[in-house]
């Protein structure tokens, strides 16, 4: 079962008495609040402004009223249903620690108390969008809403960073993390909140070493049981040689008919995610979902834009598991796993929410459906694409059906994970103009 | 349950007495035998040579021995297990009518008698491959092994013909057959037998009228139930205008954001099949299988080659259900249904059998998996492609796995039928040379 | 594509002139009309009454008007849309042969002519429901709407007959038909028409020989690929010994841990169907659908009632492929295949149509969903059961949801065919009274 | 990607010098070691015996050799491949803290250092199996290998405890935890290690309050899209009244045809799990897998035995999410959710590993397959059952196939989660004797 937390996290109340005012405005600004609900964290966006000891602002969008005196603050907030919560805490070192008295999760006439903490989101540096070099020191093996951000970004910012390979090995051949798709991040994007869309432009994906590791597997899901006997011995490591000058890859020790097998590289990110939403524990970076994740989709290449539904304050962007190249579906379980130099920029579309991960290339729009088998994944992808056509291209469902019937393309993103991915795509050249010109927006 | 008919259709026996010889060699040559097994027809290939009243030859590849006297003939044949059958019949007007005494289908020690008939396959006309104009007079709404061929072709022959649209309407707007994908054919390809591969080169697919009919549907399978409410009113007819000069199509009455929607045509055949194998009754031309059928796959375009596993003597090729264009999966239930001018040539690869329909384009090889849902269809497609790589490209399964992992592409052929279709494809430019140079062969 | 035939098969017209009346009322009564639509038969129910040379009655429920003179008749009929058809024919030996001038299938302003024939359904014999012994002489390997009925039954009639095993072998060990589930029938149930429900009560299913044939297979669909290697040698014939006195079965040659394996018999019909609807060619008796068919569902046992949606005039009931016993899903590809003595009775619920096959046992109601994979089959079964609860038990969908959530049981009917079957069941003891008391009706 | 940790966690080495011996044997006994691998914990079983300063014992089964001096210890261990690891730590308060120098996870010639800690498993109390009353104080919303055990049990022990409902509400109506199936536990079962099977006997499941909460939903997966429109308004809360005296449940406010709807209760546990294995982060208690979890399977009732594959030292058993009753598949999303008094006992089958969750009832054996859709779940269940027949019933695969074909039963466990569950079952009365008499073992 799943229930909304809405009732718990807001409320209006009597104004807290605040005879002695805050000395230095230390409460003012943006905070990310972490409420501990019997061990499960809930994250909220808090914006405070204090004047003469009175606190005003919003808590997840709901108006609050309160007071601050010295390092102590208190405020009350009510949700749309009139359910009130009261927060009381103490400020120290850009953090607040305190307790909230909130409606019970099951019985709105009862109350429950929970501890909360908050960290202060620094204000945007002056001077407009920045380009930041970020050298990761550690890596996350989970998509985790409760991991401290490595960097605070603002819409328009660009980051130059690196990812290590799925085995945890960096460009120097040094193991830096545990295998299983360790990720760089999370990046906190200031201003992003649930209900928004995160825009990630993949500006540069560049190989930074001369080898990749793969297997000679065919994942069970990708081939029917008639071949089970033939595939029994497979699963052995295959080292690939990357020629960064030529932009090609070849199995290093290929012989026989495969001796000349050389393919162009097509560097991509296997993993790109925002933190999963409320109630979701840290998820393995081998898993994926509506939040993105280990999509292992060969559309995440340089020049393309990824759109994800923001699930948590600041979005908390992770990326990693780069592949020098990957066939559809990552049928070999490991693609050409390698480390990568990655440059990306971020943007936020406020107040517009999408159901599914999307990718926009210079020539196509694509929606990704993910599910436990291909049929529902494809159905979901189609719905995501129809949604896009209706909202951004002003088509009716009937018109969208005509476009799909004459032009939709389906691609298999991933067959190697717990969920499979199918993408539904359309050629932008066939479509009417989109009301969103995201490319330009992301470019500035 | 299903059992092999092998036991039934052959046998060796004592030589039949033949004191008075055949006058004119009327028994000699190739025959297609139809044996009536309690109402189910079985088709066999019979090759006879008579000399001085003695008959020799083969019956589905097994040696036979017998005699002919006047218009009466008799022969015995045994299969590899030594099961004998005796055929006795009478020749008249290029037909044989008679009875066979064969092993019982369940008890090899018992015998059963069945009626049989045979028609004489004319000898190949002199002068090498021909180009034949064929104007169909009627159309088949079933894939049927028991329908009289409209034409006997030989490997290398080319046919110029026409197909009507899925509603039975020809290029003049005249209803010529019942809706439901009526097909042109069947064409009997002399020399093709079960165990061979039929090669069909689509030399020309040309629109021959100015309109196509479609729907504004999204088939249930293509979109998830979250959209069920939105798609409820859909399914209405949509007329498309075809501009044969420009090579474009547009919804004739589009308005609003769809007003300028114009797409290039990409003429294709929705239906192309050989007759289904032994024991299969005539199947609806809305259905598909290993024999091809209503594949509704947008890879069946001009310039591509289709390979099908021969299931019956002469293959019995059908084609129809042309589309001016179709998105992946025929999500609108009807694609842009129209009539077509079709030129194709046929060839036979003797003694090489493939499991699944294949298509070869100038740039890619593709295997089609079909099943009741996408997962097994995709698994089947992969197996078909691995099979191809192993047999024609001399790759081991391990090597094929490396090629797939780095380069396989999946395409959704059809979502609108009882079976769905998924194609696994590879770029020929990446592959080593094929030991088959079918293009050349088909071209001669 | 699929289109309704409604437009084609009816129409009103000017009254045909009929100066010389029919001598003997030979036109009066019920007829089954077979219209040949470019090779595809369409079947209709015609009821005629003649008085003074004027013909009145109905054609598939639409009123007709016409005339008869001597052995010639003509009538006109219009459908709800006002589309008119004119039939003209000649009566001889309880048959009519003629032609119909009907609206074109594609263009309602155009006309098309088709040949038709009709056979006369004899009137119900006096004396109420009968019990008829029927010894089948031949058997059908297809579910075929175009096969001549072996017997005309009326609602309430009971038939005592026999089925042969799936290999075509009867109770004396004699091969009587080709393997592949040859069926007894079809039985024409007078009065049954599309839109009605056929009720088949399985009164007695009795073994009539001492052996059954099975395999040691596990069908691929039933076991995951991890076991593919283990199951490779399987598929060998297994003879079972049936002890009709004890009512048990055992593998005849079992050794080792299986030596004592003995199970109670549970005789069932693997096949039970009405003829498929308009446009469906004869289907293999290995296939199944909404019309029933090779359901291979172990709920078709003595004492249970089967409900099927009537698709063609007279329903055309087939039955066969009896099993001495079968685990869920017929995982061994062949169950315990044997011949059977079968007693059944038929009834018709006029004007009530069901979507899916249903079975009612003394203790449960069950709806069968069939599809290309288990997920849609189960979804279909649930819908069929909810439908039943809403119509016969007067539950709202919300109430049905509560009943399902607390009490639904799912059973796997069949895993061995092209379609799989899943049944959704409810214990009758938990349910409110049904407004249909079919048991009593079928019993009279 | 996923790699084995085997290489990392063991190694032999030179004996550490240990001139000054351990004073009090504080190192001796069983320990659970937690190694921090760049943030991901790995758990191991360590058994130490010290004599005159020399340490011997095993680390996950591999022999170790080392020394202890005062509170400092050091030991070396090698795995089967000869990869050596060296542990050095300090003992305090029944804990060890230290570091391990181990082979690199990617390069066996390189080394990596990790912190580790260990806790001391107390020795088994004298006097044989105990019955322990355990009142839970807090609850876990994740299946978590890194959560401190609430109790250490030994094989044969019995626990009397309580579970709260899926919304976090206890038998007094008090919210004790966050909604989403909060669990009681984990219980550490001393002696259980990966490679063993945990046996959980459900001795008593007793309702402890008079109401349950459900919904009037039909989960999307359970009903086909044709019903999407009908089910749109559903999902509303339904309160059920539980009559503990009568042992029945009814919708508290039912009217109309549902007014008299009363069903027997059948108390069950929706959740029962061991901690997931290495590399798996804490998983939502809404999820399930090979480790058990939110199986929502109505076979987990009083009197039945559950078998789970141990994934971590001590197994770490969780249980919760009790239902007063549930139809197959939990189609209503919430079953009859309620709190429960639970008595269970535990046992361990050493050295025998099972692939899938199993349940044994007094009359049947059942294996549970879980996957992203029903087809692979069923295939997995069959494989699990065949495995059981082969290992415990000494059947060959051929014999198992014959048993399945004649007697297997499939049940749908769960349709409401990310994974679906299908159980394959056999009647024990039909089977030969099992070589395991687990019931007796678990009973002692």
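Per-chain residue numbering starts at 1, and chain names A, B, C and D are given in the order in which the chains are listed.
Criterion: a residue touches a chain if its C-beta (ideal position, glycine included) is under 8 Å from a C-beta of that chain, and two chains touch if they have at least 3 such contacts.
Given the structure is predicted, the values throughout are model-derived calculations rather than measurements.
Traced through touching neighbours, the fewest hops from chain B to chain D number 1. Pairs A-B and A-D differ in how many C-beta pairs touch across them, and the larger number is found at A-B. The chain with its Cα centroid farthest from the Cα centroid of chain C is A.
Look at where the CA atoms of chain A average out and do the same for chain C: the two points lie 54 Å apart. The geometric centre of chain A is 31 Å away from that of chain D, both derived from CA atoms. Chain A and chain B, compared by their mean Cα positions, are separated by 48 Å. Shared interface positions of chain D, defined as residues touching 2 or more other chains, are 225-226, 333-334, 373, 375-376. Of all the residues in chain A, the ones that touch chain B in their complex are 214-218, 221-227, 230-231, 233-234, 236, 238, 249, 251, 254, 256-258, 260-261, 263, 325-336, 369, 373-376, 378-380, 382-383, 386, 393-412, 415, 430, 432. Residues 220, 225-226, 228-229, 232, 373, 375-376 of chain B touch chain D in their complex.
Within the complex, the chain A residues that touch chain D are 1-3, 37-40, 104-107, 110, 112, 138-142, 166-169, 173, 175-182, 279-284, 286, 333-334, 337, 371-373, 375-376, 418-420.
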